[in-house]
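Here chain A shows up in two complexes: once beside chain B, once beside chain C.
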Partner chain A sequence: MSTAEDTPPTGTATATAQTTPETTAPETTAPETTAPETTAPETTKPGMTASRGGGTAPGGGATVVAAGPRRAPGLVSVAETRSTAERRPVEPAPAAGRPPAAPQRRAGAFWRLLGSELALTFRRPRNLLMLAVLAVVPVVVGIGLRLVGAPDDDLSGMIAAVAGNSLMLTFAAFSFLVLLLMPVTVSVVAGDALAGEAGGGTLRYLLAAPAGRTRLLAVKYLNAAVYAYAATAVVALSALVTGLVLFPAGPVTLLSGTTITMAEGLLRIALAVGYVGAAMSALAAVALAMSAFTEVSIGAIAATVVLVVLCQVLRAVPALDAVAPYLLPTWFMKFDAVLRSPVDWAALGEGLRAFGAYVVLFGSIAWARFSGKDITS
Partner chain B sequence: MTAVTHEAGAPFGAAPPGAGGEAIVTRGLTKRFRGGQVAVDALDLAVPRGSVFGFLGPNGSGKTTTIRMLLGLVAPTAGEFSVLGTRPAEALPRVGALVEGPAFYPYLSGEANLRRFDAADPTASRGTAARRIAEALERVGLTAAAGKRYRNYSLGMRQRLAIAAALLGPRELLILDEPTNGLDPQGTREVRTLVKEIASDGTTVFVSSHLLAEVEQMCTHAAIMRAGRLVAHGTIASLNAGTAARVRVETPDAPGAAQVLRGLGLADVRVEEIDGADARARLVSAELGGHAPERLNAALVEQGVAVRGLAVARPSLEDVFVRLTGEGFDVDG
Partner chain C sequence: MRRGTLVRWGLPVAVASVIGAAIGAGPVIAAVSGDPVLPERSAAQLLADATAATQKGGIAPMSGTVQQTASLGLPALPQLSQAGGSSPLSLLSGSHEVKVWYGAADKLRVAMPTQMNETNLIVNGGQVWYWESDTNTATRMTVKTPAGHKRPVPPLPEQAALTPQQLTEQLLARADEHTAVRVVNTAEVAGRPAYQLVITPKDEGSLVREVRIALDGETYVPLQVQVYAKGSAEPAFQVGFTQVTFTPPAEENFTFTPPAGAKVEERTIDLADLVGRRVEERTERAKDVAEQAKVVGEGWSAVAVVPFSLDDLSAEARGKDASGARGDADPQAMLDAVLKSATPVSGDWGSGKLIRTKLVTVLLTDDGRILAGAVTPDEIVKAAGVK
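For the complex of A and B:
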């Protein structure tokens, strides 16, 4: 441990005079250097060591600094911190002469952080409340339909189908909820992911921990995707249970008139859950990207919801049919491909490709923004 | 200013300067915020390993911005720096930090909050987490409140929890931005003791503050910022050396005392009023120089000057600080 006397601070004036990196580089290779590549960083040492020796005269005053441009190879440069620190994983430095070895990354550290994130998300009362609301909707819809009428009434389409079979309520609930309520729920969690931490100030401590920006972003996205699937599963389960209680069980008559067994009906519900979950996960990527741009979570959430609503409106305009395939919400409803006979795999595949494209696009936007952002909150 | 590290094809972080001697080195470190505000202007700092380094400056002088840059939260506009001889991403597991006050999840308990931040550190072991968290809480005296929700913590408890978070692992460097903010006198003392204790293990402590007495008591080194620029940098002793010790004589015979002191060769002799004291008593002060105070007293008495009190005022960091950063109250820029 250095005492005040034996380690005076760097005398800056001296350093300025002596630091001429390019010219001194070849001659001043330090003996402890292990690899030829390490010579450049070592070259700063002469300037700094020299100034350490003579910077502060005995009994002399403190160094009053005069600033001036100087270069010191080996220090972290702006270019490095800006572009590489986060974006390129670092090969472990050959810790030459650094006494205590840098602590190693632990296996499973990523999953530990994801676990912490999931625990935070699924214990937060707000998030649980939203799941509860999603669970209640199919129950209300089911009771409503049960009260509206018996199967033999001249009801048409989906309503008749729901009234006729217990499994159909699940699809009815999806077609109703994917329009707005599920997107809002997922947007709240994903839109809050970064903005909420930034607004609360916890982001700076997470990054100083150091969580790593790319790693944190990946964890935040996976967490939002898990929540999206949880929301989808909650809707399906609630609708399934409600359907089984209120409506007759048995073989399912599809919209096309074909009848499938109940087991296959359950399989198709599972397929729909997979598809709708993917749809909501794609939306989560959009919300996460919004979240990277602000410190106010409500802003990111509102922006995403407004986008969803805007897309629904655009989709409804016949003149704009050409743009519809590029709008994310267009693909939300395509889960009804599982109700075709046989399943319309092409439509499902097309939808999943659209979701993938959105995840890649908005994931990149989120990463580009977040990895270089100044955290000033 | 641009980087030069690529010129020799050197991989970054291979034994850079400061690997042995300095915990923090900056060269021309500059931050210009969008909108043109230059918060830190060409900062050259060298924080020796093992030191307790006070980072001083008036409000808005760029202390927090510097700390954010050191932690990789804010990208510098120009300049270079290294933390523990490497870049922040690699150094941070060995760095404990408190930046601009505590920030935690209000709906979690203190303990759960620490678990959360421990989980974010990829080098921290899950197996030892419970023990390390308990130790950190113990160290800041929060054990009793560990299970309480953060929302219900008092300001001082929050500050303590933030310090506990900085102590979660074995640290080589602690960066503390105004650690005693909001603490009661006991808390302030405890933090001071804690810092000394941590430093005695060889950990470097970089502590920003504007409580000068505090810095003077805890630190071995200090740097003073003003409007983003470094105005002084050195050991506490060398900083204080710029301001001379003064002798202060309380006497009813101010002119006589002043004459004696001048006669003895003391410089800068001044006669001052004493607030609220006996109207006839005055204070005569002068630079002590190399004189022994007891000899001055004897000389005064010998010359028939009544001495009611005699004291030597050692220069305080506050004097240095005010001299370098100005008396004005308004913030710069």
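For the complex of A and C:
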């Protein structure tokens, strides 16, 4: 951007950040900021620290953007977006009534923002192309198996199972796509989420809108999670359709050697989609955290993919077996629990707990970084 | 750095510590919050109760997950890790998990889940099925027991003449010479309160610090066995339930019909034949060995001394190698790896190679003897001097 030269060094940025509260403080009339003590940990939420300067002066919230003249163009400092973050139309004091209106409007804004993010994500040719690639892989594999494998040959387990039943192609497709291709796809979208906006210079416009950093982060994460589920569903659907066209339909043989009806098999595919989607959403949290640290989206994407590959390498070393349960990709493959009889709910639950832990941990890292970051581009 | 930044980064740190605590606290809580739920018992009482409970109605129907972990400190063996999930060798390192459903004495299902595969053993009445998903093969095994030979009930010695109390008292008295036995009533295995029988060798030279056998506090079913080596806090070998429920498992666990498209094989296992042939084969060799083998020391510090020759062993390994047992680890390579890890020792008895693991020490002497025992290297060297 052309403003890059004008951007002051970080030291100046911090100085600006510290001077802005005086100008921005008056607008904070949100109910929570009226708390008199602002040093307690819970008051460090974005938007609340802005009341450090006082918060007693009346009204004028909409005028915050017009900061002091010392402000360098192109710089959106922490303190400012924190205050703009929670900026919303000035409400009368709670005594004046209609308090429920605000949360509703806030929620509406959140879903509108998410909607526009989703529309952007799913309209972007790159993202659609990646989904198309994911959809093509099961088709290619299915055709390959159909051409190569005659069912009477000595085929190893999974291939024989696929050749024997149409539904098994879905699980086979998951079992190799989940190793690298799906993580890469999800990393591209989630890793681009913040870094891409920062690099393109659009992040400060997003923050200038009354979105708030925490809410923007939540929207970005939900957007990535939805894309993760979409990618999973695309793989499942493509594999299912390919399987039904190429291979015989009918009762499904599970890994335990038990046979279940086709309807139940479809149910188990749905379970697997839910689990793998959660796995990819957990990876999206990692990519989003990476994304908060850089303005070069390819950096965040590459970092996440390298992490995934590194984990796969660590898992392959027998001496490091003890580490494996703590690595995220270890849990990706555990969707095979739905192919056992009875369904191994314990394994699925354990996997989901691991995903939850990763989402919370990396979500909080992303928040800590993003909510305190000066946007300099 | 602003204070706000510090406080903000406090959140991820807090989250990380909560997750770390959740992962790490389980065993710690179990160990620390040792409120004895179970009444105190002496070792004799406990064993008597366990025997009585088992004799009354057999083992209660149950299902659960059994985990086996071994960190024996073996020299790094090539192919050990690749020896496949079903190879017995693979059990010597790392951690393995099987699921167990137990309905009655003749109803049992054992499943070994591996990534995208599963091996099952299903016993229902006289019918035994073995299912391997990776080869898509179901094997029906018919076990022919020798005529007139009833299902072997593991009889306890002099069972008829003794009450369980007397029996255990005798056993404990006999053990007393080399072993200290005590009972811990605060243990918890798979979330269930359990008694732990702690067996501690009295011999200084033993590598075994203690053996802990956990018995369920309610049903007296053995839930866990742990072997601790001296000088390590984690058990060197452990097998036990990580999850267990004492409710009869669903009937469909024990019914197996080979799925369509699977290869079905029949195999008859004639116990009489099997045992007979094996015994014949082995007695010949065993006689040879037994004549020359001897045991030095007694109790926990006993050392077995067997004559052998390294060349024979290598030749045998090569022979096996040539016959090409499919899927087995290359014996020659393993032998080489073991010998490479051995340290040379010598004394007035001669010289040899010492192989140390956490639980077992093996000494190959140059004069053609092999000494093995769960003892310290000093002890085994001492034993080598005893002619």
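Definition applied: the second predicted complex is superposed on the first by the 270 of 377 C-alpha atoms of A that agree within 3 Å, B and C clash if a C-alpha of one lies under 4 Å from a C-alpha of the other, contacts with A are read in each partner's own complex, and residues count from 1 in each chain.
Just so we're on the same page, contacts are C-beta pairs under 8 Å (C-beta built on N, C-alpha and C of every residue); 3 or more make two chains touch, one makes a residue touch a chain.
This one's a predicted model, so the numbers in the text were calculated from it and none came from an experiment.
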Determine, under the contact definition given at the top, whether A:133 touches first (chain B), second (chain C), both, or neither.
neither
Output check: A:113 vs chain B and chain C. Expected answer is one of first, second, both, neither. What do you get?
first
Just to be sure I read the superposition right, which of the two partners does A:207 touch: chain B = first, chain C = second, or both, or neither?
first
Does chain B (first) or chain C (second) touch A:306, or do both, or does neither?
neither
Tell me which touches more residues of chain A here: chain C or chain B.
B
Contacts of A:372 with chain B and chain C, given as first, second, both or neither:
both
Figure out whether A:321 sits in contact with chain B (first) or chain C (second), or with both, or with neither.
second
Across the two complexes, find the residues of chain A that touch chain B and also touch chain C.
41, 44, 372
Mind listing the chain A positions that touch chain B in their complex?
1-5, 7-10, 12, 15, 21-22, 25, 30, 32-33, 35, 37-42, 44-45, 48, 52, 56, 59-65, 67-82, 84-86, 90-91, 93-98, 100, 102-106, 108-110, 112-113, 115-116, 120, 124-125, 200-202, 204-212, 215-216, 372, 374-376
Of all residues in chain A, which touch chain C in the complex?
14, 41, 44, 49, 151, 155-158, 160-161, 164, 171, 175, 251, 253, 255-259, 318-319, 321, 326, 333, 336-337, 339-342, 344, 346, 357, 360-361, 364-365, 367-368, 371-372
With touch defined as at the start, can you tell me which chain C residues reach chain A in the complex?
2, 4-5, 7-12, 14-16, 19, 22-23, 65, 76, 80-81, 93-95, 99, 111, 113, 115-118, 120, 129, 131, 133-136, 138, 243, 250, 252-253, 256-262
Going by the contact rule at the top, pick out the chain B residues touching chain A in the complex.
1-5, 7-21, 25-28, 33, 41-44, 46, 48-51, 68, 71-83, 85-90, 92-95, 97, 99-101, 103-108, 115-126, 165, 169-170, 172, 199, 202, 220-221, 223, 229-239, 241-242
